[in-house]
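Shared between the two complexes below is subunit A, which pairs with subunit B and subunit C, respectively.
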Partner chain A sequence: MSEESIISAVGLSRSYGRVMGLTDLTVDIPTGVIGLLGPNGAGKSTLLRLMTGMIKPSLGTIRVLGQDPLSSPDLFRSMGFVSEDDALYESMTPHEMVSFLGRASGLSKSDAREAAHESIQKVSLEAVTNRRMRGFSKGMRQRVRIAAALVHEPRLLLLDEPMTGLDPVARRDIVSLIERLAAEGVSVVFSSHILHEVEAVANHVVMLHRGLLLAHGSIQHIRDCLSDYAFTLEIRMDRPRELAARLAREAYVTSLVFEGEDGIRVGTSSSKQLVTALPTVLLEIGAPVREIACPGENLEALFGRLLK
Partner chain B sequence: MPILEQVYRRLDHHEPASSWRAVWAIGDQCGAMALKGWFPKGWLAVSQIPGLVVAVIIYVMTRNESTVLEVVNGMARTGYQSFNDVPGETWYRVASNLVYAMITIVQGWFATVGTAIYGARQVADDLRTSAFEVYVARPIWSRDYVIGKLIAVVKPLLFILIVPTGFCLLAANLFVPASAGPCLKLYPILIAAGIAYATLNAIVILGISSLGKSSRYATITWFVLYFLTMAVSVILTQSTGDSVWEIVSYRANLQVILASFLRLNPFENLDLEFPSPDHSLASSALIIGCLAALSLFLVLRRVRSGRLP
Partner chain C sequence: MKSAKRPSCLRSLFLVAGLVIREIAWTRRTLVAVLLLMVPSALALVIRSEAPPGTVDTYIQSIFPTLFVFISALIMLFFAGSIARDSMDDRTMTFLVTRPLGRVRIVLGFWLGTVVFATPLLWACGLGTMAVASAGLDGWAGFPNPEAAAEARWRIMLAGLAIAMLSGAYYTWMSLKLKHPTVLGVLSILAVDGALGSVQANARFAAPTSSFESLLSPIFQTRGTLISESDLDLTLTQGGALQLILIELVVMLILLAKSAQKHDYISSAATEGS
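For the complex of A and B:
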């Protein structure tokens, strides 16, 4: 484990009966904001649960902040965790709940009260701090849970799918909260299956697919891995035949299929070259462009490319 | 993992002591949540009424010395003419009978229902609503959670058991000053008996509460355990004519344990339910101990599978 890593896994595997949740993961995760990216069933939650000692590895080892989460409950004084489950005592107010969990994390009654106040301020819930949580929106509940995870001032915050089910405003709030925490020196590991969410806030990404590590590193590193690949572009424009004539000369263009009077589907063996050349070609033609789309460009396709 | 390996692993890791702050926080908060609503609070208030009623009866009786002496002489089969003739040991035995009757017969019923009200939901609701997750990934051991929950249940039960009983004992000692000195040692014994009664009930209800995800299921199971064992005990005792079958009853075994705590030597002609001499403290302690151990095992197993270390 390097000095900079907060989490280090070596040969980490976890099976659920005959299903592998995570397979032979070896990774060093540095400080900062780390996004665990992958579709459902990729092993993100399994990895987070292994980090918190909630489940035992079937094989391999994991160390979080230099400690084994299975045998070091004191580690949890330096770690906060927000699970995917919507766990709250609804009959309590946010202040009661956060203060209670502060005491449960080892703070004295008065310190917990003060820490709860600060923690609730961090998640901008002061206005409802003394209201019962029954009837809170999902976003508000999520923020209470984050406040509870922050009450003992952890060095590391783990968030399992923190933005799932939230509206765009609530998502933005969570993103800016993660950014603020990172600025205060708290390392944040969060899982998501939405690429742009991770891209917006993480400085390091761990990409998982079906329990396997596909890639990890900085956003730039991942981008470089993905910058040149074969794909198809759909363009809706006037005079598509002119574009076809220009692109037909290029070696990296593998197919040109017209779709109606105003559509063309361009296949390429090099996304990098096509994306670089296309704006210039379109400007030269001077025909209005109504739509450019990449059909089938979703997270699955991205993972498919990484697998290749 | 083999047991010896587990032991070595624990020794090797120097398992840290429980965090008492966490334990008290869980006890405080879960106790406060158990008391939310008019019914739990109302039950606590209603449970105090017998204490007041008995205290008033004691007051009325003690206005007339001969009435009290009639009771004492009836119990002890003696013929004392005044309070000054009654020896300290007799006052102690009369008072301990009062404490025993109050704590096991009168308040015992309130505690039985109270155990279901304050305890049935403790673990079951946490599991049903996923609220259990709030304890995960915190410096909390499973035993901290269980002890915290025990405190949450024991506190209201102690209030039900000790306060009215202590109030009656205090009334008796105040209105018959001669009894005060010999009965002093009954106060700590009363507290110890209350703690034992409440803790045993709390352990059993937590075990039951951890069996399912519904507090209704836990409540029904608790009453089935309590009343079914009592009914079976009565049927077997009646049909065989052998009072040793009282050992089947959870309640009877608790009474035996409490009687030994109070060091009672019941007057034979006292018209109260006393434990049969046919079953000893050792056998009752063994049965209740096994039940408590099973309950602890069940709740700890559930909490650990719920991912607390």
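For the complex of A and C:
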């Protein structure tokens, strides 16, 4: 485990009967905001449950903040977890539940009350803090769980699919909260199968597919790993036809589509060759360039390519 | 940052037990359990109003003790057999397992919570039935003098506590190990406590209910005293029964602690494909 790693897994596997939930995962996860990315069944929740000791590994080891989550209850003084499940202590109010879990985290009764109040403020639930939770919307329930995970001011927060089923406003609020926590120095590991959410907030990504580690690192690093692939560039410039005439000779250019008077969409089978050649060609033409964009070039496209 | 240190063992136990009591109190199961616990009292009331005088004394002396022991075991199955399993199934267990409490303390807290919640209910069932049977009469039904009635009352309380503690540990353990602890618990009550506990041999002491009944005899007539037609002593002395119950309790608590450390805290069916 390197000095900056918060989570370190070596040969980590977990099976459910004959189904492999996670296979031979070896990874060091650094501090910061980390996105666990993958489609349903990729092993994200399994990995988070192994991180919290909710389930045992079938093989291999995992250490979180340098400790074994199965045998180190002390670890949970520094860690908060929000599961993907819709569980709450329905008979309690948000303040009662968060305060109780504060005490279970080791706070005194008065500190737990105060911390619960602050934690509920962080997730903007003050208005309903003393209402029974039966009948709460999904977004409110999720906020209560997050408040409960934050009550003891953890160094590391694990969130399993925190934005699933939430409306856009609630999603934005959760993203803002993650950003605020990251700014305060809290490391956040969250899982999602919605790629742009991960891209928007994570500085490190762990990509899983069918229980296997597909890739991990910064988004830029993962892009660098894929040095050559097909993609499309949109260019806004003067005299786009001159650019089209120059590029039409190149074998790696697969399509040229004009968009209005000043736009051209260039398709290529080799990103590497196009990106290398384009600056020279544009300089030779000497036409002012207003914008170059990669419309399909988000994490989703990246994930698709990794799967291939 | 507020000072957070790992809760002490006792504090952890009391926190979890308090939560369990609160959670049990909110379940429909508790309403069913209370209704079930009222059955012995209701029978006493019916017998007093419908049967010839003196019948209620026979009921209290000979039928009620075994009924009390079986209903109490069933109540413990209702509570202890479901609360840990339910919290794993509805995933509220996640909240506890991801706190610095420790698994053994969590599971023992579950056991303690059910014991603290159920014991007063069992006492209310036992003492309430005796009170219903004797209300308006001169002294306790079926007991010749106040001292015998006081001893009967004390023995009911002792048996109630023993059932809550031992059966509570047994069914909490079952709820950790098995997917359907209630169904298997009922089968266990029928097969082990019902059938094995009624045989005319010392093998009957393999059934925990036989030990509980021994706590009630000889002041009450139990299966051991009623079925014995041989020279075999089919009841234990009170001290012997207590010893056996204590040994079984220690074994169960050790098993419970071992299961707590080994067990996944989320039902496996629900985790597949995640």
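Here is the rule we go by: the second predicted complex is superposed on the first by the 231 of 308 C-alpha atoms of A that agree within 3 Å, B and C clash if a C-alpha of one lies under 4 Å from a C-alpha of the other, contacts with A are read in each partner's own complex, and residues count from 1 in each chain.
The working rule: contacts are C-beta pairs under 8 Å (C-beta built on N, C-alpha and C of every residue); 3 or more make two chains touch, one makes a residue touch a chain.
Bear in mind that the values here come from a model prediction, so they are computed numbers and not experimental data.
Trainee: Superposed on subunit A, are subunit B and subunit C clashing or fitting side by side?
Mentor: After superposition on subunit A, subunit B vs subunit C: clash.
Trainee: Which partner does A:Ala104 contact after superposing on A: first (subunit B), second (subunit C), both, neither?
Mentor: A:Ala104 contacts both subunit B and subunit C.
Trainee: Does subunit B (first) or subunit C (second) touch A:Arg77, or do both, or does neither?
Mentor: both
Trainee: Under the stated touch criterion, which partner chain does A:Thr52 make contact with: subunit B (first), subunit C (second), both, or neither?
Mentor: Both partners, subunit B and subunit C.
Trainee: May I ask you to decide whether A:Asn40 touches subunit B, subunit C, both, or neither, giving the answer as first, second, both or neither?
Mentor: second
Trainee: Report for A:Leu256: first if it touches subunit B alone, second if subunit C alone, otherwise both or neither.
Mentor: A:Leu256 sits against neither subunit B nor subunit C.
Trainee: Determine, under the contact definition given at the top, whether A:Ala148 touches first (subunit B), second (subunit C), both, or neither.
Mentor: both
Trainee: Which partner does A:Leu88 reach: the first (subunit B), the second (subunit C), both, or neither?
Mentor: Once the two structures are laid over each other on A, A:Leu88 reaches both partners.
Trainee: More subunit A residues touched by subunit B or by subunit C?
Mentor: Touched residues of subunit A are more numerous for C.
Trainee: Contact-wise, after the overlay, does A:Glu114 reach subunit B, subunit C, both or neither (first, second, both, neither)?
Mentor: Touch status of A:Glu114: second partner only.
Trainee: In the superposed model, identify the part of subunit B that clashes with subunit C, out of 146-154, 164-172 or 182-190.
Mentor: In the superposed model, subunit B runs into subunit C at 146-154.
Trainee: Which subunit A residues are contacted by subunit C in one complex and by subunit B in the other?
Mentor: The overlap between the subunit B and subunit C interfaces on subunit A comprises residues 49, 52-55, 73-74, 76-77, 79-81, 83, 85, 87-92, 100-101, 103-108, 148.
Trainee: Quick one: which bits of subunit A touch subunit C in the complex? Just the residue numbers, please.
Mentor: 16-17, 19, 21, 40-41, 43-46, 49, 52-56, 73-77, 79-81, 83, 85, 87-92, 100-101, 103-108, 111, 114-115, 148-149, 152-153
Trainee: Taking the touch rule as given, give the residues of subunit C at its contact with subunit A in the complex, in rising order.
Mentor: By the definition above, subunit C touches subunit A via 1-7, 12, 15-16, 19, 22-23, 26, 90-92, 94-103, 262, 264-266, 268, 271-274.
Trainee: If we count contacts the way the header does, which residues on subunit A are in touch with subunit B in the complex?
Mentor: Contacts found on subunit A: 49, 52-55, 70-74, 76-77, 79-81, 83, 85-92, 96-97, 100-101, 103-108, 112, 148, 158.
Trainee: Across the complex, what residues on subunit B touch subunit A?
Mentor: So the residues of subunit B touching subunit A come out as 9, 13, 16, 19, 21-22, 24-26, 28-29, 33, 36, 129-141, 307, 309.
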